[in-house]
Each structure stands twice: as structure tokens, then as C-alpha cells.
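In what follows, chain A forms one complex with chain B and a second complex with chain C.
Right after this comes the complex of A and B.
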């Protein structure tokens, strides 16, 4: 009981919010492309270049916010390249996405080497991290619960505020509606004179914007450094969440919170002396279990049929066994 | 243009809502519309009837600006008009409800109705106003829908109402419906007709495409019959009988050059007992068909296209599940077997749509003659194909079936329609099956190849095969069949001996009137 109390407390929830923010942002970005009918596996790469160039921008200008702008611009450039190849030239989305991811990984490493002469990570060099926002009156209002709303970097707030804004965007604005129509029923969009190409470009760029913010949050907010491949699969987790949430902002939030919680929880477990390699698998185990549970509901037929056929096989074995034992 | 007070606006004075003059449209060598004139009076329900491929949809697509005519002109409300695109058509007060709906499943009914012309307040979509307006329109014309429901949850019939509402919201005064009842249940069709009448009562004009005689007789004021891209006639519905309509649709010039034959009395090969099947919309398409096909006999299935013949062929070949009944071939019930197992049992299938199910158009003649028996010797040895043997066999088939091609390596797509069909026949007729299911063997085939195909079918008959021949061409059935069964609305209305095939009697049954049975519906 005592251990549970130590494990689960306000700090854990605050940590969950912090770990959720980057994946939430990148997943919300992916929600634009998902809704527009583009399977965007390039989120990981966009996030990674966002993180890298945010650090570079922060060093060059000495301003965290200019750094964020740099990161976003880099991610937008990647998103534009993705859109040109996928929307205009109709290249395969998965191939282009993977290629851009690989490019992002290689490019950041070689640029790091070229600029800083190091491998592995960029620490120091005058990186300016994002300031933490103290909400005035939070302490007075919530007492020990204050860390739940106060003391995060600005992008964390952006991530969570973006959720209701996106709900409004999809339901009440013309652009949001058109993005959904283009993704769900392109022929309907065409018949009504909505330009599919334009809508998909806009969706791709909106995606780049949020993915860039997510990357900048990783390297300037979450921690103040850049390491090789620091997006560490968050973009892919976001893709998984998007597949199962169909890009609905609220479902995206739920999926990301689950992952963020598992991430934060594994960090806590580490401090309690559990073997770190085992502990680091926790987020992925949780995510896989959750996705399986969801997919069980979403595609009951295939799985039920598989189970039924397995049962059939087993029951055949059981029936045949006694026959062998009792030859006539 | 003067708009003097008191004088009615010019568009209300024209008696004709739509006038098409000498419309011609070609697709390559194929003439879809051949000099068609059409005049639709304001305030009438004008049906355009014809078999599949008669050119109805092409004509309406031209009117709605989806296609441009090669020749001819259009007048709307008396004004010469160039309908460059659908937007121009909508502006001119036309609206079209297509066969295939273009609705977004996750959006509400009202959102779908107003998609592309949303009502907005302060930049945000005003759902309440859209719902209210949808509700008002649906009430006024008896198009019952719940504006707030998600389209994905609704039936096809309601989806159609939404498509009609879309057209109304855009201010259409002349509404074109392309085969609207093809997706509807009988009740929904009756409700649709009520709605169409309410349009006319408000002074609107309805153009209604169909190939169903019954509903044309029931709902229209005027009928225009198209056949093979030409207009046959435009007549007031009240002056027409169903029988006359069928004859105009199918064509009067039925030639009965019957093939000579020796009477063979073989054993029953295929026995179909009370077979039922549903179509893609889950509506019954085959309703209790029972018949027998004996060895050395050609049984023909006649009927206006779309009366369950396609579904019957699909059930017999295993491509569509039967919902009830049996079909016995050599001691096996075909309704329980896979397509491959049915072929093994002894079915050869010449499908109605040869480019989809008959051949792989990109593959060579040799490969196409192999398909379905690639695992058998002598074509395959130890799982490896012996292309020499395959090509040799294909070469022999090219000769014996008189396929006009350079060689067995030719891609099928380079052949003419008749020769492609001969490739299918060559494959199907040489695999030793006892039962041949032949669907529209000469559709889109030139006269010379038609003769050759008919010769081949008669040779198969003489060889003692049992043949079920489905065709919408009466002359083909009259020439080849020993017995003709007439299908209407999924039922077999009656049987006519091939020797005394009588166009009038078959025509009556094709229209749903049967001397032996009670009229359907």
C-alpha cells in the first residue's frame, strides 16, 4: 500500500502530463492528415528535425521561442516535401514517409557532426530552454495539487488546449469539414468542387506545424538538449494511436494519456530499483495491450473467427484422443 | 432583356423545360448517343427507358454537363444553353440524382445536404439553421429524414432522399433521376413516386431514367424509349401498353433464323430447385427458380436485363451465395461449393462481363487459355509450368476456334471483342465440363464472330453438353435454344419451346404478365 502511495501521487500525474504532451502534439498533427485520408508515417521524422532545428535556432538566436520557430519551420519543410511527393506526384505514402524518416535520422546526425563535431548529443553550447509557466494563484487555489496545472513549459499547455480547438475545428469550420470529406469520401468532395489537392496540402502543413512544435518541446521543453534519434518512436506510437482513434481529437487524447502515463510510470519504477530494461518496456506493453483490446472490439469478426477455428482445432484433438485410447 | 413589371420572367413562358436536338456522343468507335432529340415539357414526369447500354445515362450526363456532346444542341427553358459543367447545369436550375450516391457517412444528414454551401454564422457552421432548413424541405416534399442522424447509419433509400434534398437545396427546378428505383425496396419506390408527384404539383419537372416497365407505366406522363443509342419514340404513357413498351425496348426486328438440330434426349445434368438469392443490396434477386437442363439441350433464359439473370449465373458458378434452395450437378449441390470446386465438378462458365471475369486483358492468349487448369498436367509438371505445351495447346485452340491473332503470345487486350470472347470459349469449352453456363455470349461482338460463336455453341450441344444460355437478345435465344425460360423480377414466368418461340408471348412474360402464372406483384 505504502509503495502504491509512493508510486501514484500528484508528481506522477504531473509527469504523465509532461510525457503526454509531445506525443499528443504530434498525434494531433497526424490527425489532420489522417482525417484528410493520408497515412502519414513520416511524423517521426518531422518531429526529429523539429527537435534538432529548435536546438540549433535556440543556440543561434539565444531565444527559446525563435528556436521553436526554427524547429517548426524545419518540420514544415519536411511536411511540404511529403505533400509534394504524396499529393502531387502520388507516390506511395508509406515509402515516402519512411524515406523522410530515414533522411531525418541521418541528416540530424551528420549535421550534428558537421556543426558541433560530436556524435550522440548536443548539450550546453548555450541552448536556451523554454521557460516554465507559473500560473498565478495556482498554489493558493489547489494547494498541493498545483503542479497539475502550473509549472509546465508553454508547449504543454498548447498541446492540451489544442484538443478542444481541434474538436471545434472539425465540427464547426468549413476547412475542418472539408478535410473530413476529402479523407472519407473524395468523390463527394470532387462532385462538390472541393479541391482535394489543396485540402491535402493544407492538412499536411498543419500536421508539420504541430509535429514541429512537438519536436521543439522534446529538445527545449521536456529536456534542454538534443540527442540522436531523440523522438525515439513517439511518431510511430502516434501513428498507432491515429489508426485506432481515426484521428478523433478526444480519442487521440485518451490514447496519448495512456501512453504518457505508462511512460511516466516506468520512470517512477526505475527510481524504485526495478531493472531499467524491463521497466522501459512498460509503455510499449501497455500500448500493445490497449491496442489489442481496441482492435478486438473494432475487428471482432476476424479475431473471433480465429479463436473459433483454434477452438475447433483443439476440440478435434480432444475428441480424437479418447478414440486412440479405446481401440475397438 | 427587359423586366417590365407585370410581365412574367421569360423562363416561365417556355413550355419546354429541356430540349435536346440531335445529340450525338461517341466513345471511340462506339456511338453511345446517335442523333437523339428529346423534349421535356415543364411540369411533367418524363421517363427515359431502355435496356442497359441503350444510352440513357450518357444522354443525361450530357444534359447535366458531365459530358460534352460531339454534335447537337441544348435548350433549357427555351434558351439555347451550353452546359459546360455541372456547376453551369445547377445554375440553370437542373439537378441530378446519380445512381451512385456521394454522401459522407460520418456526417449528419443536414451536413451532407449543405456540404459545399454551408450556412455560416461568425465564420462557424450554423448547424441549427442547416437542420431547420433540411427539416422544412423534407416535410414539404415528403422526404422523411432525421436531419441530425449520421448518414452512415441510414439505409440506401434514405440516402437517396438526402441526395434529392441536396439537389433541392441548390434550387433545382428540373430534377434528373438516374435509375432511382434500382436501389429501393417496393415501398420506398412508392414513396419516391409520391415525392416526384409533389414536385410536379409545385411546377417542377422530373426526368426519370429506368429500365423497369412497371414503374414507368405507374409514374410517368411521357415515355421516351432509347435503344442502342437511338431514340425509338416519345409517347404519352397513357397511350402505351407494357407489351408495346417491351417491344420498343428490345427491338422489333427479331430475326428467327433457327439453327437446325437433331432432337437429343439426354439425362438431366443440372437440376435447380427453388433457388433464391439476394443481390448486392441484400434484396431478393432470384426468387424461387426451378428448372432442369438435360444433356444435349440448350435452355435459354430470356428477360430484360436486371431481372435476376446475373445473380442466377453467379449463384450457379459459386460467385454468390444462395439464400435458399439447391442446384444439383452430378450429385453435388453447387450452392455448397466454392467456385473452384464447382469447376472441378463439371461447370464451364462463360461470364457475362468477359473483361472482368472472362480474361486477364494484360496476359497473353496462351496464359488466358491456361487459367483455371494451371495446376493440372500436362501444363504443369511438379509445380512448374510447361510453357511450350501451353503455347502449343493455345496455338491449336487459336486454329480450331478461329481466333484472329498474331500468335499465342499476343496480349488479349489487343484483340477485338469477338476474338476475346472466342478465347474465353476456347478455354471453357475444352475443359471437359458437362454443363456450360453461357452468359451473354455475343454482347458487343460483331456479326461474323456472332455466327462463329453460335456455331460453336451448337457443336457443344451436339457433343451432348447441357447448356444454360442467358441472353437479353431474343433472336439469339430463338436461334439456339431448345426451351426458353423467361425471367421477370427474379421469377421464372414461364417456358416457351424454342421451336415455336413467339415474340409476343415472350414479350408479355418479360413485362411480367404470364398466361400460366399469376402476374407478379
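Right after this comes the complex of A and C.
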């Protein structure tokens, strides 16, 4: 019982919220592209350049928030490249996404060498991390439970506030509706005079925005450093979550909390002397298991969706050319 | 024939555009593109040892590329070649240092286990892809991370060489893949890769099974009406692709390192996938693209010594090549829409 208390306590839940934030942000970003009918495997790379340029911006300007802005700008540039190639040039989404991920990995390492002359990681150099927000009155209100709502970096709050906002966005705003229509029934979107191209561009850029924030959280949040490939597959886990949540913000949140918990819990296990190599596999194993288990459960739906997406594919191929010429 | 000529010239133009973009990035990191190019060429082809070094780097890329081709032909993205390579490499090393067998048989046994390990590693993603249509891109990518960590665990916690640093004991000399020249570690693994590429190309070209795979990849409905069991074939295609990925790891272990070590072959799986994509899923064309990427890798070793650029600059160039090849679709669509639409759909 004592061991259980040591394993699961307020600190673990707070750690779960911290580790959930980056994957939640990147998955919510991916929900835009998922809803718009684009399979975006490039999240990983967008997150990585976000993390790198956040550190660079933070060093150059001396301000954490300017750093975040730099990170977001870099992720947006990658998202734009993705949109140009996938939406305008109609290249294969998987190929473009993977290539952009590889580009992000190589580019960040090359730039690190060029700017700092080092390999591996950027530590020090005057990186300014994000401040922690202390919510006034939290201590008085919740006592020892206060760490659950107070003392996180601003990006963590942004991540969790984004969930209800996205629910509203998809259900209550015109753009949200457009994105869903373009993803689910492009032919209907076309008939309504919605520009599929424009909506998919917007969805990709919104995705880049959140992926950049997620990256900035990695490098300026709780540790202020950049290491090679520091996104370490979180973008891919986000894609796994998006596949079984279909991009619905609340389901995304549930999936991300599971991963955040797995992440935080595995760090705990490490301190109990389990071999670190095995412990580190936990989040990936959880992601795979969830992906397989849920695809088994959802099989009739998947078949239906596959048929729908094939119809969609065919109709887009045949019909979208005139739409391209005539946006709105 | 003119179609093929156009396809090849399109690929060459795309590579040219990518190299141009690469030159701009090299300027941005404060190095001269000409100097980088000359260094790369010198590092890849400077003398006979350098050429052998290039071929040495080409070998795993080629075998991984063939693995990717098998998947791409059947409409499957096996992005998990990296993981299959690691498990295959470890399995071959394990046979190499745990058993003592006659020379030759030892090598074959080690390669056989590498193949089995690679296929086994992709079996679960392949099963769920075939049966429940679970996206194989994501499941194989995620399994890469597990494979790398798992082989590190085996190496460091279960089979560490006493006194060594994160490596297994060396394999017995009976399990070595023999070297071709005395001046290089280049070994007969290259011949395995070349035979494999040609063999797979022949299977795709001349057997009804190969034709069925290509049909499933390019027109699944048609293949299904034609009597192909699409699900079973998808499963088999991914298993074969994984098996070849495992073989790549075995060849690398038995031919080059003679032991398994942590991070023993970083990135070969992805390089192979890129080589296969650039070759448009053709195993024979993959020989050329793998040689190209092998030369880049081999040349990049000198890059770090002679210039201020990092060797990852070649990763950037590779990614740019694939991006510009994928962008060709638009350019192609103007003149002849059929060819443009077909690209990357295999």
C-alpha cells in the first residue's frame, strides 16, 4: 500500500498533466487536418522544428514568449510546405509527411552544428524558460491538491483550455463546420461553394500553430534545452490517437491523458529500479496496444469509413479541378 | 519506352532542384556548396578504399530499399524497416556468438534467424493491417522506437560483453560474411543485396504472384475481382518486407561490425525507404538510388573532417529530393494526367 502511495499521488497526477500537454497540443493540431480529411504524419517534424526554433528565439531575444513565437513560426513554415505539396501539388501525404520529418531532423542537427558548433544538445547559452503561473488562492482553496491547478507553464493551460474551445469550434463556428464538411463530404462542400483548397490550407496552418506550441513546450517548458530528435515519437503517438479518436477533441483528450499517464508513470517506475530501456518503451507499447485494440473494436465502422473515404477520393480526383480555379 | 524515359528524366530534374535547394541551405549554414560537393565526391570516390567504403554504405541501404519496394508494390508503407533491421542485426549476432557451427552454415543460420526476426517483428502490425485495416504507417513507426530500445536492453542487460561498453560479445569467425578485398570491410553482403534486388524484380515481372501483388497495390478492387485474396496477400507482403529488413540487419552485423552494438546502423531503414520511393518502387532502380545515397553517406564522413558543415546536411538533401520528386505530380499533370496521377500510388 505504501508503495502504491508512492507511485500514485498528487505529484504523479500533476506530472501527468505536464506530460500530457505537449502531446495534447500536437494531437489537437492534428485534429484540424484529420477533420479536413488529410492524414498528417508530419506532426513529428513540425513539433521538432518548433522546439528547436523556440530555443533559438529564446536565446536571441532573451524572452521566452518571443522564443515560443519563433517556434510557432517555424512550425507554420513546415505546415505551409506540407499544405503546398499535399493540397496544391496533390503529392502523397505519407511521403511528404515522412520527408518533412526527416528534413526537420537533419535541419535541426545541421543548424545546431552551424550555430553552436556542438552535436547532441543545446544547454545553457542563456535559454530563457517559460515562467510558471501561480494561480492566486489555489493554495488556500485546495491545500495539498493545489499543484493540480497551479504552477504550470502557460502552454499547459493553453492545451487544456483548447479542448472545449475546439469542441465549440467544430460545432458552433462556420469554419469548423467547413472543415468537417470538407473532410467528410467533399462533394457536398463543393456543391455549397466551399473552396476545398482554402479550407485544407487553413486546417494545415492551424495544425502547425498548435504543433509549434507543443514543440516550444518541450524545449522551454520544464526543461530548458534542445536535444537531437527530442520530440521522440510524440507526434506519431498523436497520429495514433487521431486515428482512433477520429479527431474529436474530447476523445483526443482522453487518449492524450492515457499517454501522459503512461509517460509520467514510466518515469516513476524508473526511479524504482526497473531497467530504463524497458520502461522507456511503455508509452510506445501503450500507443500500439490502444491502436490495435480500438481498431479491432471499431472494425465495422472502419470498413464503412474506408468505403466512404474511397468514394471521397474518387470524387475529389474527378471534381476538384474546377473548384481549384474558382475559390468561393 | 518514352514513358520510362520521361519518368527517369523527371526524377533527375527533381534531384537537380533538390540539390539546388540543398546548396542554398548549405550557404545558410555558412559553408560553400562547391566545397561541400567536392568534399562529398572526394569522400565517396576519392580512391579505391573510398569507393569500397561507398559500396559498403550502399549495401544496407539497398537491402532496406528492396524491403521497402516489396511493401510499396503491394500498396503497403513499411516504415518499420529500421526496427526490423535492429532486431535482425541482434538476432544474427546472437546466433553468431552463442553457437559454434561450421563456417558457412553458421553464417546461413545467423542470416536465417535475422530474416525470421524481421518478419516476426512486423507480424503484429501486418496482421492488424490485413485484418482490421489498422494504419500500418503509424504502427510500424511506433514499433521502431520499441525495437531500438528492446535491442539496447538485450545488449546492455542480458548479453553485454564483459568489460565492454553497450555491445554484445563478438561473433565467431565462422559466422562472418567474408570480405571481398583486403583493404576494406566491403563484404559479400553487397552481392546478396544485388541478387535480391534482381530476384525480386524478376518475381514481380514474371510470376503471377508478383503480378497479383502489383495489382493489389495499384488497383485493389480489380485484384479482388480477379480472385486475389487481398487481405492475405497484404499480410504476406508486409511479412516479406519485414523479412528482408531483418536480413539487412543480419548482413550488417555479420559483414561489418561482427557484434551487435547500441545504435549500430542508424537511419539505414529510412534511407532504404527513401531510395525505394525515389526509384518509384522498382527494385532494380533501387540499386542506382541506393548507390547514390550510399555515396552521399560515405562522402559525408569526410564532410565533418574537412568542412564546418555537419554530416546531417545529407539527410536534408535526401529529404529535399523526396519532396521535390513528390511535387513533380503537378508539373506532370499538365501534359499527361495519367502518369501524374499514378505516381506514388504504385
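One rule holds for everything that comes next: the second predicted complex is superposed on the first by the 299 of 328 C-alpha atoms of A that agree within 3 Å, B and C clash if a C-alpha of one lies under 4 Å from a C-alpha of the other, contacts with A are read in each partner's own complex, and residues count from 1 in each chain.
As a convention for this text, a residue touches a chain if its C-beta (ideal position, glycine included) is under 8 Å from a C-beta of that chain, and two chains touch if they have at least 3 such contacts.
Predicted model only: the values in this text are computed from it and were never measured.
Partners chain B and chain C fit side by side in the overlay (superposition on chain A). When the two structures are aligned on the shared chain, A:111 is found in touch with chain C, with no touch to chain B.
Touch criterion met: A:188 reaches chain B, while chain C stays clear of it.
In the superposition on chain A, contact is made by A:275 with chain C only, not with chain B. After overlaying the two complexes on the shared chain, residue contacts for A:284 are found with chain C alone; chain B is out of touch.
For chain A, the partner with contacts to more residues, out of chain B and chain C, is C. Of the two partner chains placed around the shared chain by superposition, chain C is the only one that A:94 touches, whereas chain B remains out of contact. Contact with chain B, but none with chain C, is seen for A:174 once the two complexes are overlaid on the shared chain. With chain A fitted onto itself, chain B and chain C come no nearer than 5 Å, counting C-alpha atoms only.
In the superposition on chain A, none of the residues of chain A is touched both by chain B in one structure and by chain C in the other.
On the chain A side of its complex with chain C, the touching residues are 39, 41, 81, 85, 88-92, 94-96, 98-100, 102-103, 105-107, 109-114, 119, 232-233, 236-237, 239-240, 243, 275, 277-278, 280-281, 284-285, 287-288, 291-292, 295-296, 299, 302-303, 306, 317.
The touching residues of chain A, when paired with chain B in their complex, are 168, 171-174, 177, 180-181, 184-185, 187-188, 191-194. Residues 86-87, 102-107, 111, 115-116, 118, 120, 123-125, 127 of chain B are the ones that touch chain A when the two sit in their complex. Chain contact summary for the complex, chain C toward chain A: residues 25, 28-31, 77, 79, 124, 128, 132-135, 137-139, 141-143, 145-146, 149-150, 152-153, 156-157, 270, 273-274, 277, 308-310, 312-316, 318-320, 322-323, 326-327, 329-330, 341, 343-345.
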